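Notes follow the structure.
Naming follows writing order (A, B and C), and every chain is counted from residue 1.
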Amino acid sequence: MRFAFPLMAIGLEVAMIALFGIFVQYETDQNLSQKSNSTSVDLDTSLDLYPFFRDVHVMIFAGFGFLMTFLKKYGFSSVGINFLIAALGLQWGTITQGILHSHGEKFHIGIKNMINADFSTATVLISFGAVLGKTSPVQMLIMTILEIAAFAGNEYLVVEIFSASDIGASMTIHAFGAYFGLAVAGVLYRSGLRKGHPKEESVYHSDLFAMIGTLFLWIFWPSFNSAIAEPGDKQHRAIMNTYFSLAACVVTAYACSSLLEHQGKLNIVHIQNATLAGGVAMGTCADMNIPPYFSLILGSLAGIVSVFGFKFLTPFFTTKLRIHDTCGVHNLHGLPGVIGGLASIVAIAMEIPITSTTKQAAALGSSIIIAIVGGLITGLILKIPIWGQPSDQNCYEDSVYWEVPKRII
Amino acid sequence: MRFAFPLMAIGLEVAMIALFGIFVQYETDQNLSQKSNSTSVDLDTSLDLYPFFRDVHVMIFAGFGFLMTFLKKYGFSSVGINFLIAALGLQWGTITQGILHSHGEKFHIGIKNMINADFSTATVLISFGAVLGKTSPVQMLIMTILEIAAFAGNEYLVVEIFSASDIGASMTIHAFGAYFGLAVAGVLYRSGLRKGHPKEESVYHSDLFAMIGTLFLWIFWPSFNSAIAEPGDKQHRAIMNTYFSLAACVVTAYACSSLLEHQGKLNIVHIQNATLAGGVAMGTCADMNIPPYFSLILGSLAGIVSVFGFKFLTPFFTTKLRIHDTCGVHNLHGLPGVIGGLASIVAIAMEIPITSTTKQAAALGSSIIIAIVGGLITGLILKIPIWGQPSDQNCYEDSVYWEVPKRII
Amino acid sequence: MRFAFPLMAIGLEVAMIALFGIFVQYETDQNLSQKSNSTSVDLDTSLDLYPFFRDVHVMIFAGFGFLMTFLKKYGFSSVGINFLIAALGLQWGTITQGILHSHGEKFHIGIKNMINADFSTATVLISFGAVLGKTSPVQMLIMTILEIAAFAGNEYLVVEIFSASDIGASMTIHAFGAYFGLAVAGVLYRSGLRKGHPKEESVYHSDLFAMIGTLFLWIFWPSFNSAIAEPGDKQHRAIMNTYFSLAACVVTAYACSSLLEHQGKLNIVHIQNATLAGGVAMGTCADMNIPPYFSLILGSLAGIVSVFGFKFLTPFFTTKLRIHDTCGVHNLHGLPGVIGGLASIVAIAMEIPITSTTKQAAALGSSIIIAIVGGLITGLILKIPIWGQPSDQNCYEDSVYWEVPKRII
């Protein structure tokens, strides 16, 4: 299968060109003013979103990309396959979400669609973290196509059918991506790696590269949670709630890391990951009319749960459930995503009149169920031998796919 | 004192939650319109500040964080403790500045408060540079609390009592942070390290990581100096003056580095640090009505002074004054901050009618005096043995607090 | 020539201060309203450009800087000389462009001039890539001055005389910078390095540093191509076209890399460079009224051409044409820039009524011809021995100019 990857990649790009040719047109002042009788959208509104888009864009490509560079021999693949998934996924996400919301008609796109397209790729990048180092590029192309389709379906269900509220996507992106990835990782479980792998390790500098990812994710997370919020009060609150939730999360994550580690040391894995849990957990409630101290509590809680997850749940998953989660996405995206969904139910129960508790519960349930079912099916498809899955001994080694080039000719 | 750090961190976060519960509410369109009779602030104005906030946020977390990663074995601690200080500090800065300006009443916060909260953490991060590698995380938590309280007091004095002008905070942040840190470093001086320490060294890649910090600080500095400037002409000038001052500073810093170093080589320390002095020195005058060539002159001067400081003053401080300044913050923040304050006095004397020379001199004086007094007191408190200060031989070694994790379970 | 570098740098900075004193004033509300009878520019419009400016600024200083850090012993010089060139170049670019467009009168500058100044430095940074590791800092100072003057002349010709359209500067920046650099590299060709150089190699981490550059260039490229576009429909399209072109380019570049490399591996050089060709190729057409699938096709094509260029053209240039292009700028900027110019001719021929095919062809021709002539002249000037060009054996080694500092005093 020497040509599986180039042929599939070229084939997918040709398909994207064809689908764009059939379905996609740009928003213009003219076509927006035609439908402006019904909505208040115009081109200036679209351009106002551009700064939010750029922040999300940094998170997807530099944030997620570098966050996964911690493995000593898999840095090129981490940042490189992340790049490929996101670049393909944003095209496919534009198509799937556009077609669903337009019910199969031609549709016009603007900056908001670019944000949503980037969002859709985040689910695959989260799932990629669960299987990092154990899959081939071809498998990742397939997962990108399947997972984004499932994501778009679930997102349509949550927003259009349930009318639930999930502005920062704790449920529809973070929990969804994590449980999808865990399901795939469960199907692809390798008993040969039960005792670990010599290359599943970091070196000092690879962990510093990962901090680039952590910091750019952390810094721009307020934009992630507020990007598609209603302008005005809601967007303002979404920014501030996320800012404070993340700050509190850092403090409690450090405290718990020192509490649990040998001699009170801090663990760089917790610093890289658990500090972000406050952003995930704040997602669903970000734009709700909650008091500032609530954000601090929610962020604090997320930091604590995430560190305990890394310390106790990840080993349990690997040894007992036979699910090996390379980056610990369950602790960073899974649990905090569920906490975010539950927090919204609590907030609504305490009379924040945004939507009903039932709708939120339905959204949380569908996000987890569709993710797990979708992940299991995807895992089975990825298991077909022709996709070039690396052998046990080639795991966590990007020289299989990359050659450090001789620049001398 | 195995549990000193986790208990203190959790305790501080609980205190922040309590203080936020008592004092802090978000700005909303409603509460803003109630007071809009007196002021012209509204929510849109608050959101207009968001792009400036994000740039400052990048500087605080990625800029300062990576700038200090040059030490070969202290990268995790540099970027990690920076992260902790800033995350805790921004909560505490929100509280202290809010309470002072509201005279102890409940207060409403918006994006501008987020910018000021980030600003307040910058002082501690600058001081952290002076004691880098020689203190424990617990000591840094204490310094964060004490220094931000002192900063908020001085800032109140400068702005509300003296009515001085310091838009980019050359005096209130940069000079203040540097002299506070030098005072702490003086109190904590270790004669055992007089002849240096084998780990107080960089390796090639650690110095490249530090360049990430340098560049993101340099690139976004125009936003730092203009973030809270009056919209319109003043903000516009603050951006442009800083842009040109920084550019000139790079050229003269390189020239002086080559002039002073062996065989005309350039020194990476100067490139990492002295190139930023133009941003510091431009702070106070940034929004004043000065001609463009004045910015170039001020930036050129700052670059020259900073390089000479690294070459001659830092060794003098260490050997004669018994003040060991790990990152050379005196050359990057101290001297250029004082130059910034003096430049504003010159500019006002040359009939830029913004405020009086006396007020500016008072602001410069109070920033330095409060910093030194506050730093001495803080240093004495930090010297109490229970805070776990590292022994001489454990300095510049982050494995004391960090464990490179075994990711294999 | 121990003092050649510091004296030249100081001399140039003094000249910049003098020129700014004579020619440059800041835009203010007052001076803008005076001329607002004729144009619609005002200060708010200038400040609206600030977010675009910052993105371009990140690309110039962090993007280009880190992209070139791949060489194992030349990282400090890559990012450091890039910093110097850009800081000097933006001052000189402000002057040259301002004087040309004001026909030698005093002129007022705003954020748009800052964007154009940053743009002008991009040409030199591209050319720097062609001669990376083989020149001295003094030579780079000279090239900065000469190339920006040539760039400003060509840009004036293209915009004011030909009235051609090149909003994202495929021709005037990318093709110009590449062919200028190739001409210089041709003149400076060293037959002693025909068989390569042991230091012209990367190590694992140096290639990861280069990915920082790649990603920040890629992420912010939509801002580069839209920064000075007409607000509204055109700016909106420039953003979206570039976004999709870049995404498609990544997919096809990966496909071709795997197709051409041993055992279907991916080549990190292609990932670092060819993925950006879609942004270059989209430059000229970015704001034109073309359908979205056209951007995907153009980006796909650019990715393919760029990878083939790295694989086949670069060796051919080195061995047959005696032009050694260190970073392969011909494949990233040269060819895709020409494709961008040709695409605009095709688009106009297909009745996109923006300008005439003749004007576009003239712009493409003048960009290439002036670049080559200017590069040849510059190369001959740089060959004068007193500029301290490194000997063959000192190439690709920044310890000549940098000393890893002993931080212990």
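Observations on the structure shown:
Definition applied: a residue touches a chain if its C-beta (ideal position, glycine included) is under 8 Å from a C-beta of that chain, and two chains touch if they have at least 3 such contacts.
Since we're looking at a predicted model, the values are computed, not measured.
Contact with subunit A and subunit C alike is made by B.
Residues touching across the subunit A-subunit B interface largely differ between the two copies, under half of the numbers being common to both. Centroids of subunit A and subunit B (each the mean of its C-alpha atoms) stand 33 Å apart. Shared interface positions of subunit A, defined as residues touching 2 or more other chains, are 51, 205, 212. Across the complex, subunit A is touched by residues 2-7, 9-10, 12-13, 16-18, 20-21, 24-29, 43, 46-47, 50-51, 54, 57-58, 61-62, 65-66, 69, 75-76, 79-80, 83-84, 87-88, 90-91, 109-111, 114, 137, 205, 209, 212, 399-409 of subunit B.
Across the interface of their complex, subunit A is touched by residues 51, 55, 70, 195-197, 200-202, 204-205, 207-208, 211-212, 215-216, 218-220, 223, 231-233, 235-237, 239-240, 243-244, 246-252, 254-256, 258-259, 261-269, 271, 275, 291-293, 296-297, 300, 314-315, 318-319 of subunit C.
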